[in-house]
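Step one of this worksheet: look at the structure below.
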Amino acid sequence: MRFSKLITDLQKGSSGLEASELGTDPDLLSGASIEQALSNQICFLEAGNSLSKELNSTKAGAVIIPSQEDLIEIAQRRELAWATFKNPRLAFAEVLELLQPTPQNISGIHPSAVIHENVFLGDNISIGANVFIGNGSRIASKSVIYPGAVIYENVILGEACIVHANAVIHPRTKLGKKCVIHSNAVIGSEGFGFVPTPNGWRKMPQTGRVVLQDEVEIGCGSNIDRPAVGETFIGAGTKIDNLVQIGHGVTTGKDCAMAAQVGIAGGARLGNGVILAGQVGVGNRVKVGDRVVASSKCGIHSDVAPDQVVSGFPAIPNRLWLRCSIAFSKLPEMAKTIKELTKRETS
Amino acid sequence: MRFSKLITDLQKGSSGLEASELGTDPDLLSGASIEQALSNQICFLEAGNSLSKELNSTKAGAVIIPSQEDLIEIAQRRELAWATFKNPRLAFAEVLELLQPTPQNISGIHPSAVIHENVFLGDNISIGANVFIGNGSRIASKSVIYPGAVIYENVILGEACIVHANAVIHPRTKLGKKCVIHSNAVIGSEGFGFVPTPNGWRKMPQTGRVVLQDEVEIGCGSNIDRPAVGETFIGAGTKIDNLVQIGHGVTTGKDCAMAAQVGIAGGARLGNGVILAGQVGVGNRVKVGDRVVASSKCGIHSDVAPDQVVSGFPAIPNRLWLRCSIAFSKLPEMAKTIKELTKRETS
Amino acid sequence: MRFSKLITDLQKGSSGLEASELGTDPDLLSGASIEQALSNQICFLEAGNSLSKELNSTKAGAVIIPSQEDLIEIAQRRELAWATFKNPRLAFAEVLELLQPTPQNISGIHPSAVIHENVFLGDNISIGANVFIGNGSRIASKSVIYPGAVIYENVILGEACIVHANAVIHPRTKLGKKCVIHSNAVIGSEGFGFVPTPNGWRKMPQTGRVVLQDEVEIGCGSNIDRPAVGETFIGAGTKIDNLVQIGHGVTTGKDCAMAAQVGIAGGARLGNGVILAGQVGVGNRVKVGDRVVASSKCGIHSDVAPDQVVSGFPAIPNRLWLRCSIAFSKLPEMAKTIKELTKRETS
């Protein structure tokens, strides 16, 4: 796609095009990083990006940059095709979508799919090879189910959902519109509920269900368990990475983001816009306020007020944790000093 | 189901019914939490439950409570149907099972299942769509295998096992009676054994097998690896949550419980009744004594005696760890104080 | 297999046979641990192995031992068949392979497999039941794909790859020769890339691909994500255990090893021969030098120079961390001592 055509299309986007120069109006094939881009590729820089100096040497045909005079000057001197945006990262997302629109590779219902006779199927859906859909489930229009996925009974998929290969959705789960379930994720499985008895663990039946609101995304191999009673609830627009565990009865607000290998224990409640970095753990029934950010490997054992940044285990305010961590590495010295002080005292 | 019928059935259970009043003998549909229950629902409270005050306002039709006069008084005043039990949580488990018995949704052998001619199939089994069962495997009676599950060669399933969708069981694995393998779990795969050589890592063949005793439950996406030689062994009644890793040659006792994302390295040995909370790690060949409890994110690097409660990384006694964690957050202050003391000393 | 035959075969191996005595030249069926071996089994010891004393009582028919006079003496006295090797562990790996060669259980293409007409299939391949292979993919000769695996479009598998049951390989992924993808692993799925906008998270299209060089092994349930642009790259001979997360755009060198539940965030770069123990985390864009070893649960937030051994979170040199950890458990005492010192000072 010519750079000029791209710029025209981006004007309809929401990334805030500000200025541009077409240079040789290169024909662009794909996106790349500024270090690896070739003459038929486009790359981007954000304000303050440590790779900014690469603009002097990039072989990219075109660059997306923030509105900084120094960067514009380099782009002009090098006769690159360039454009400035309020949100260069968002512009790059829009560019990639324009250059390489997501293909809809499967279409219609593959004859090897096993679909119970009592399943509602909307228009324009795609169901891949060896998919199974159980009694009473409903698949709304424009949904795509990739090969090997298994959907148990009485599951509801909203419009334009995508279920990737070998994912599994258990009974009664309800998905809103435009949800994405990645490969091998499991939604709506039994929560881990057992009652201790003199004869060992007795299973607490998990009669509840999982509800995902619109535009929720669940990563590969992640699990969202259903509760004994009531719902496990994931708010609209929440994005969950790979290998994440969401326990029974957890509730999240809207637009949360959880990185890989996060684990949230049963009954925890997250507000809106909560961000959990990789390998974070949240304890049973803990309440995490709106817009809380937890850094990686953090363990949240007790409630966190809104707008806090927390770190460590048990979680404490991030700034305090950074200072404590530095002090931790000086503990042997501190111990030695204390010993010496004590010796002098008592001598 | 009428509350009166429920009470009659619960008398045959093991939760210790003590007293009850039928109130209006409500017709109950399902269970719910005390906060969300409606007039056709039943809920429960345990002794010391922080939600006890909700009994004053719950809209539940019936309540299960411990034998506490204050709670009975409220239930009577509010003319609720109520019953007291020695073990209210167990009573609630029994109630849910009575109200919503687990359905056996698939039955017989689906024609799309691919079963080797040399497979033994017991009576009254269910094998779902697109299941594969390899040469020499044996599926005992009353077992249920959900769609997409793959069972390799020479696997033995005891009576009344449940294998959920897309789970995989590798060669020679042996399951006792009433085991449950949840979706996408992998049992009996090759242990991670490689020998360093001048030409890189050389695979140590994993010729052993995995044995699960009766009533073992393995969560979604969890992996139980087989060893180079001998067995990986999970004791009867042990319950394992989602995304747990059990390395090659691990042995556990009976009735252990492991929460999500626990990892146990090769050759570790757990006693009976060990409880590991979420994201706990246990090191190579470590021995963990009977009834040890490890709190979340704990890292157990060396042997732990029976009946200990441990926390932190490396794991130390829980009470000590709690005090150390509080002190950790005061490290910057401590460092400052030490500096001041040193200054005065040397001045 | 007779011990004498085994010894003859091992002379062609690379484990450095040094001396041997045939004893009664036992007929050996399989390998076992020295504690559990029977008269038709063979076991091994390494130099310094804590089980060496078991040589006095083992019921094994044959033993592989290091060249230590004390061990040879015991083996001779007990009239065991024995052999000494420079690398006894490697010898045992070779023995297991000789005694129990890996079976190729499936062969040819199962009629239930769904393979797009535009797929290249090499010679001598095996494709199991219910496998799906998408448009434009290429499966080189001698590859084995187990039941239920799903291979999307334009995937390239090199010679003699093994893809285990229910694994999923996403579009454009390229595997070298002799790669092994274990059950339920997901390779080449979308990286976790979202741009924050006033209307919530906007997906950054993930147009890149994953490349695995020759002899890479990916454990059960592990995920290797593809990046927005460019490649996620795993160097030749790298072995990855179960439930590991490799983020978008990560690069590893050759012959790395990662234990279970490791998580590597987007853009991190590992050198050659890096070893990460269980549950280790590596942060965004961090560079980890050649031959770095990170102990379990370690969190690497900033670059690590080659040949370091690191531990803890944030990661510090292992020896320092060991001392700091001991000091940590004495923090309450330290705090008390400081308090007393201060009191005396001010009194």
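Points worth noting:
All chains are identified by letter, namely A, B and C, in their written order; residue positions are counted from 1 within each chain.
The criterion applied here is as follows: contacts are C-beta pairs under 8 Å (C-beta built on N, C-alpha and C of every residue); 3 or more make two chains touch, one makes a residue touch a chain.
What you are looking at is a predicted structure, and each value in this text was computed from that prediction instead of being measured.
Counting the residue numbers that touch the partner chain, chain A and chain B have less than half of them in common. Taking CA atoms, the transformation carrying chain B onto chain C includes a rotation by 120°, reported to the nearest 5. Separating the centre of chain A from that of chain B, both taken as means of CA atoms, is a distance of 27 Å.
For chain B, the set of residues that touch two or more other chains comprises 112, 130, 148, 166, 184, 221, 243, 261, 279, 328, 331, 334, 338, 341.
The touching residues of chain A, when paired with chain B in their complex, are 112, 114, 130, 132, 134-135, 148, 150, 152-153, 166, 168, 170, 184, 186, 189-190, 192, 194-195, 197, 199-205, 207, 221, 223, 225, 228-230, 243, 245, 247, 261, 263, 265, 279, 281, 283, 299, 301, 313-314, 316, 320, 323-324, 327-328, 330-331, 334, 337-338, 341, 344.
On the chain B side of its complex with chain A, the touching residues are 14, 30-33, 36, 43, 87, 89-90, 92-93, 96-97, 99-100, 102-103, 105, 110, 112, 128-130, 146-148, 164-166, 182-184, 215, 217, 219-221, 236-237, 239, 241-243, 254-255, 257, 259-261, 278-279, 296-297, 325, 328-329, 331-332, 334-335, 338, 341-342, 345.
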